[in-house]
Amino acid sequence: MQIAKVRGTVVSTHKEPSLRGVKFLLLQLLDEEGQPLPQYEVAADIVGAGMDEWVLVSRGSAARQVGENTRPIDAMVVGIIDTVSVDNQVLYGKKDQYR
Amino acid sequence: MQIAKVRGTVVSTHKEPSLRGVKFLLLQLLDEEGQPLPQYEVAADIVGAGMDEWVLVSRGSAARQVGENTRPIDAMVVGIIDTVSVDNQVLYGKKDQYR
Amino acid sequence: MQIAKVRGTVVSTHKEPSLRGVKFLLLQLLDEEGQPLPQYEVAADIVGAGMDEWVLVSRGSAARQVGENTRPIDAMVVGIIDTVSVDNQVLYGKKDQYR
Amino acid sequence: MQIAKVRGTVVSTHKEPSLRGVKFLLLQLLDEEGQPLPQYEVAADIVGAGMDEWVLVSRGSAARQVGENTRPIDAMVVGIIDTVSVDNQVLYGKKDQYR
Amino acid sequence: MQIAKVRGTVVSTHKEPSLRGVKFLLLQLLDEEGQPLPQYEVAADIVGAGMDEWVLVSRGSAARQVGENTRPIDAMVVGIIDTVSVDNQVLYGKKDQYR
């Protein structure tokens, strides 16, 4: 999986019917130091992630394993991140963001 | 999924029979600021996207989940984009394109 | 899918038995202006593409959807390209190649 | 598969229910000379790898082949590496790390 | 598929049980001129490839189509290459390597 930050949303009304009701988030991928990478993903959201939150995104066929697995989805937000630790140091803590 | 812009079409008459009747669009991938990336995809179109429209493209096995899923397709246009918002600002609005 | 040009062949006699009889083409990927990219693929050929022809190549599990789908193939030529149009201009026309 | 070094952990409590109980490791990919690459993966751990250990990571649908294969996981640690040999020289030996 | 050169081996005794008995080769990917690319793969070997041999490697779910397809393997050596021809010239011939 990759670590990403929620940066926005994508709306499409004229789409594959099986995608109706799916919320699409625009995610910016982050590197292992938490810096933005020049890559993004549009991912289906099933955990209700909010703007600027760090999330775990699964890609490929893994993204179809939740709900109806015949939807043409190749990226999905599968968790809101609480903490990321690197070399036993906390790189990111969700709670620290709102102090 | 990725955001892309419809740039053209690809026609192949001598092809795998199960691909007969499939329309192939040439898509240029866009970055999260809407700028063209040096990557493109040839994708099957099931939503009738037009030239210069922004679309959502699914890749990998997700692209086979619509219609007969035994067609050798690895990229599919799954939606025409209405709006893309980044940091609560509208980056792209389909209607604005035709004012 | 990607657009590629047939550049050569790869022969392997000592291989996974299910690959017997499969012809392998060496393809150079092309960008959306028809220029060679520094990437290639060795793909199974089911349409009988010839040297220097432009072809459509499918990759990933899509490449196993034709014939026995338990063959360890991850790239397949699925069509010989007639035309590629970009911004309503013909970038490539198969017939023009042989005038 | 890729060779990676365990650099940390990712914790997510608000996540897809099928991911409960899955431990997520932050892995830095290594090149064939054992040097860190600017790429990382968040992978599910099923072998109990420890900090700084070199591991084998499988990605894509392969990562769902162990345990319930309907979990939205796209990267999994599948082995702790004992040795890596390149050109008949030992590049890495787990035991040498702890002399 | 990709063309690669066998550069070494990876040994892991503490691993996913279904991987027992699988030999892992360290492969360096080659470009279409036979030059080493800065990418490698650790691949399961089912054809008994030797050091420095050129091989065909399949990646993704294709790598699980041989033997038990529930093993978490995402790269597999599927053939030892005899010849690679580019623009009707032999780029590589296995027999020439041992003159």
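Order of writing sets the chain letters: A, B, C, D and E. Residues in each chain are counted from 1.
Basically, a residue touches a chain if its C-beta (ideal position, glycine included) is under 8 Å from a C-beta of that chain, and two chains touch if they have at least 3 such contacts.
This is a predicted model, so every value here is computed, not measured.
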{"item": "Shared interface partners, meaning chains that touch subunit C and subunit E", "value": "none"}
{"item": "Fitting subunit A to subunit C on CA atoms, where both chains share a sequence, rotation angle to nearest 5 degrees", "value": "145"}
{"item": "Cα-centroid distance, subunit A relative to subunit B, in whole angstrom", "value": "21"}
{"item": "Rounded Å distance, subunit C centre to subunit D centre (Cα mean)", "value": "33"}
{"item": "Multi-partner residues of subunit A (at least 2 other chains)", "value": "60-61, 63"}
{"item": "Successive chains along the ring, subunit B then subunit C then the rest", "value": "B, C, E, D, A"}
{"item": "Interface residues, subunit D side, partner subunit E - complex", "value": "1-3, 31-32, 46-47, 56, 58-63, 65-66, 69, 76, 78-88, 91"}
{"item": "Residues of subunit D touching subunit A in the complex", "value": "7-16, 18-19, 24, 26, 28, 38, 40-43, 51, 60-61, 63-64, 70-75"}
